[in-house]
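Across the two complexes that follow, subunit A remains constant while its partner is subunit B and subsequently subunit C.
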Partner chain A sequence: MAVQLPPGVQLSKTEDDKIMTLNVGPQHPGSGHMRLIIKVDGDRIVSCDPDPGYVHRGEEKMAEYRNYITNIPHLERPVIHDSCNILYPYVLAVEELLGIEVPERAKYVRVIASELNRFSYILYWLAIYGIFLGHSTMFMWPAGDRELAIDLLDKLTGARVTHAYFVPGGIRNDFPANFEDVCIRQVNYLEKRLKEYAAIFYDNPILISRTKDAGVLSRQDAIRLGTTGSVLRASGVDFDIRTKEPYDAYEELDVHTNVLKKGDSYDRSKIPWLDMLESCNIIKQALEKMPKSGSVRVKLKPNPKGGNEEVYKRVESGRGALGVYIVSRSKPEPYRLKLSVGSFRNLICMPYLLKGEKLGNMPAVYWGLNYWPVEADR
Partner chain B sequence: MSVIAPKFRLGYFIKHLTDDIFWIIVIITLIGLPAIMIVFFFIELPVLEGELLTPFLAYTMLFHPELSIPLIDSFMNTPFFKIAAFPGFGFAVLIAGATIFVERKLLAKLQLRVGPFYCGKIEGIFQLIADGLKLVSKEIIIPAKADKPIFWAAPLLFIGTAAAFVALIPVAPGWVVADIDLGLLAVFAVIGFFPIITILSAWSANSKYPFIGGIRALYQMVSFEIPLILSLLGVVILTGTLNLSEIVVSQTNFPWIIFLPIGAIVFFITMLAELERIPFDLPEAESEIVAGWLTEFSGMMYGLVQLGSYLKLYAFAALFVVLFLGGWTGPLLIPSTPPEILTGIDAGPISVDLPGSERFIDRTLNADLVNGVIWFVLKTVGVIFFMLIPRGVFPRIRIDLILNIGWYKLIVLSFVNIFIALGLLYSGILGPGGIF
Partner chain C sequence: MSSEKSNDTETKPVAKKEITPAEPQDELPKFEKNLSNKITEKFSSNTEITFVKPDRIGIKVKKENIKEVATYIRDELNFDHAESVTGVDYPDEKEIEVVYHLGSYTDPQLERKILSLATRAPREDAPNPGKDSTRLPSLRDIFYSVEFHERECFEMLGVYFEGHPDNRRLLLPEDWADIPPMRKDFAIKGR
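Presenting the complex of A and B:
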């Protein structure tokens, strides 16, 4: 956060004739469903005030009027392209609440679906990161290759996005015929493509000169501001819920946590790419280790009720730690449901990072935070 | 994966074609012919060599070249033809339009897409016409607080300046709209106009993003104009002239890019920056400042600016060809016309006599022109190809980095280029006029 300022630029002044206020968003090609109120002095950002809330849908309140099964389709709406991961903590919490033991095969299938979904989410994120920096090839390549991951999920779950695949007690349906072979083939191809991405994008000298030292977040600040996921790991903190608090089949899999030191926009964009390689690795491991047959779903009672208790579960999503807190009062519906999402926690550090930066660094810093506006609004 | 564009089918194509022909015939006979009759009733027909140029005479001329060739000949030597058609505006617009289409297809192939596909049956060749029609039919919205006269004038000034730039480019020996002795200086003067137009249009829109874009464009163009001018001085030192046609003639044996590669590289980079193309498209940086100084333009005003910028692209590529790649010079592709054709063919039962064609082919449509145009277009297309490629490979650069490159690196390199040119001159290897 210590930015070298040219003489004459004062960050303390925010009201002056020299200072221009820019409303970046919601009608702006580089904003997403949100607004950034940015004040610039020449090319320097004096202050940045993120203004989320344009796509608030009240998911948490809606959850109080639906029972544990009918909550599934609408809870995945905030991140429709990472829907398995946003349902994961909810399903884990409900299972603990109802006291269900999930079959072994279902655990592995969940891990595979979740990693595939993480992969397709990061490709989507990378596409937008590319176009934000003006690299149109990096927009088209991941958007095209994402189709492969989506086709796999389509085969598995029956929908391209909004899968509603995880249910309390397991998964909705088992693998379709011949899925393992197709999956291995596609994953191998995607792994090969990732190397090409690095050649055209991450090793690009212009990209490196642009994103290195843009929005540096130190290790202490990353912890202090409560960031999670790729932002935290890019600042040198070794924290991944898949290894620190392993859930489901992650206990038996060998997961490597990717950590980089610098904490600038380049590192924050490199971590998801390393995560994609790791996802390929996990999928291959899981396909090898999983039981070849068996039940994938426990039969639930109609309209199941939880006890008089509170549950908190969290998983590692594409954007960081994603937690669900459920308060149950012996009713078929949750008394209170709270989503704790990585996007909102990473958004908090945006004003600190953008203060004193150049206006040209705004897209790199903004999208490097791995932030999805709809999820932050919930 | 999921959406596959339909394949081109010859049967459907022929069916569409015959359908179209049928409707064209119907519309011409029912509407076109009566309309032409009405027009002929009112207009005055021109008099040509003592004869009234009636439609019948014009129709006869089509099948009697001896009547029409002198007409074409004299028309092709008028200044109007040079300015409007070749080598002026029409020729440049043709290449600019082709560039837009090729850019879209090329970028699509690079990015594993299809690109324009549906309009025009074959690979979307009429996409540009469809886009033009769309832009024409769109409403032109002027911001309420804009300075309206300047805002209106900006696109026209832009395309006018681009056309003035095109007018200075020699395409073939003797084929240049404005053949002036200080041609290169005139080019610098025309290039110097673009930042003024940009900042005027940006300021007159009275909006924040155009303003930032205009300021960025001003910074970028002003800081890159100096290395641009300096990088061309090497060529001027070696040729000893500023006339573009004479610079081309001096490269008959060797193009200057062999002796001045550093100057060519510097000029190429500054050219990309002047054209605001990726990686130097900061004034139009979409994710930062919406569309930069083009934000408030709508409809055909935007279309004019786009056309102007592609004309500018063609003109810069042509300037690169003229200065470094030898312009129209090149091996003879089409030999000179044999005298049989000039005087008429007499081979057995076939006997063709074309009076007037002799003078036409000798004076206007000679081998110099045809070969020159072919070589010029080939080289220009090659340069344009290299100017399009960076768009698929590089991200956008930042304003402080671009100013760094312009003021520190490129100026130093262009001075190195000047010293190389001086060294070649004073060591006696090369002199004004090139190697002979």
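Presenting the complex of A and C:
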């Protein structure tokens, strides 16, 4: 029973007295560069209000002041560790605007680069997911193995993370000498390692008890909320842009879409792991099928201009569909450029999934969404 | 492309438009054309097809009709979610265009397709977001997935969405006092 306070200092008692508001973030490591305003009753979350925007840098505004080529390096900044995939739709859109046909070999090199990038992105995400669920080994292993994927990309593009490798008309440079052999060797090794991840992490009873039935998203809700990527596929919707609307060399490759039924945090974390296995498969296929020689880039005129039209292109990134919408008004710069990113689209799940969840499940649900705050803020 | 033409005629009353845009090309995307025909048949005088390209259809409607058209697109044409909501500022025409990119997860025929539904709101030179005439009806009741996209559009362009349950800032700082930053008259320093 509450202490009887003297008149004048009595606090008004409301039903909400037992509800406490917590600010998780923006400096809290458990939330990334964003804030979650969480109301708890005991340790049950009553409501969650995501507050992104701490790393908003106005990429879309910046793009209106730069021409189609100088836009390349800054547009990959929202996800530097998945930079090939965030540039991919932009490059495809510009190619459609300018009417460029890309050489066959460049299409395959692009697919290989973007799959390697997806691989290294998911390893990064898995490391964070592991450490926030208290599994330090799962932080160390992917963080270490990621170096191999990064080394490959370093050899290929010349930079460890911010590659700026794709350009309208193809790619910047062809394979370095002996790249195919090194690539096959590393990919085979990584594939073997992934199996070991399953034994130590995905079959771990502690992980299963923490993530099974945490934040269940039904199939209907996944569709209604317009989610994308691993969140959507974990809820039983078979949708992957690589198979549904294949771009570049994906048309000629055999891509398998990984779908799970349950829609809980465990399934959402398992989909990226399955995607990594699929990436290995795609890289091997592409290395086999690609033309062994030929041009990789079509030279553009300086300061190319688009027509009076609008283009919407999308690809599958590490976090789901990534679309770029360009409105062109016969200028060297885009009139309006919009990045429709997977993280921003999945943000809507957060208040929805965390409501009624235990506070201790918050990291499992939050990181299971495969959410990257910097990308969502743009 | 004919989008320039359609922009010029925007201020006039929108009349039924023949599907001319893709005609000069050798092969018409048939499925897309059927889809756009369905919409023009249903809302003959109120909608305008701005382009028909492979896998992409552009529709422009008046803001009074947008809810009706969006409901039809959801219920009859099976588009079930919004991929993005983009505001485009046209200061010369004194209008702000809001484009909804709609897609479908449930209908296998529509998986490749993106339908862009555009509408325009009047634009004021001295914006007062939320209080001036730059308003549009919210589509949140029809496509739940637009919730955060419309919030972003409101703060970035000052388009107030009537009927949206949560018209708050999302990405900008709480003490942002300048005009909405995605408008064309908001200039970046040094550019």
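The rule is short, and it goes like this: the second predicted complex is superposed on the first by the 363 of 378 C-alpha atoms of A that agree within 3 Å, B and C clash if a C-alpha of one lies under 4 Å from a C-alpha of the other, contacts with A are read in each partner's own complex, and residues count from 1 in each chain.
Operating definition for what follows: a contact is a pair of C-beta atoms (placed from the backbone, for glycine too) under 8 Å apart; a residue touches a chain by one contact, two chains touch by 3 or more.
Since the structure is predicted, the reported quantities are computational estimates derived from the model, not experimental observations.
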- [ ] Could you look at A:199 and tell me whether it touches subunit B, subunit C, both or neither (first, second, both, neither)?
- [x] neither
- [ ] Once the structures are superposed on A, label A:314 by its partner contacts, choosing first (subunit B), second (subunit C), both or neither.
- [x] second
Open item on the list: After the superposition on A, what does A:360 contact: first (subunit B), second (subunit C), both or neither?
Closed with: first
- [ ] Classify the contacts of A:207 with the two partner chains as first (subunit B alone), second (subunit C alone), both, or neither.
- [x] first
Open item on the list: With both complexes superposed on chain A, which partner does A:323 reach: first (subunit B), second (subunit C), both or neither?
Closed with: second
Open item on the list: Just to be sure I read the superposition right, which of the two partners does A:134 touch: subunit B = first, subunit C = second, or both, or neither?
Closed with: first
Task: Intersection of the subunit A residues that touch subunit B with those that touch subunit C - done: none
Open item on the list: So in the complex, the part of subunit A that touches subunit C is made up of which residues?
Closed with: 52-53, 56, 58, 60-62, 65, 223-226, 232, 237, 239, 244-245, 307-310, 312, 314, 321, 323, 325, 327, 335-336, 338, 340, 344-345, 347-348, 377-378
Task: For the subunit C and subunit A complex, residues of the former touching the latter - done: 1, 3-4, 51, 55-56, 58, 80-84, 86, 88-89, 99, 101, 105-106, 111-112, 114, 116, 143-149, 152, 169-173, 181-182, 186, 188, 191
Task: Residue numbers on subunit B that touch subunit A, as the complex places them - done: 1-2, 107, 110-113, 208-209, 212, 278-279, 281-282, 285-290, 391-401
- [ ] Show which residues of subunit A lie in contact with subunit B when the two form their complex.
- [x] 20, 22, 28-30, 43, 130-141, 144, 147-148, 151, 200-201, 204, 206-207, 209-210, 358-363
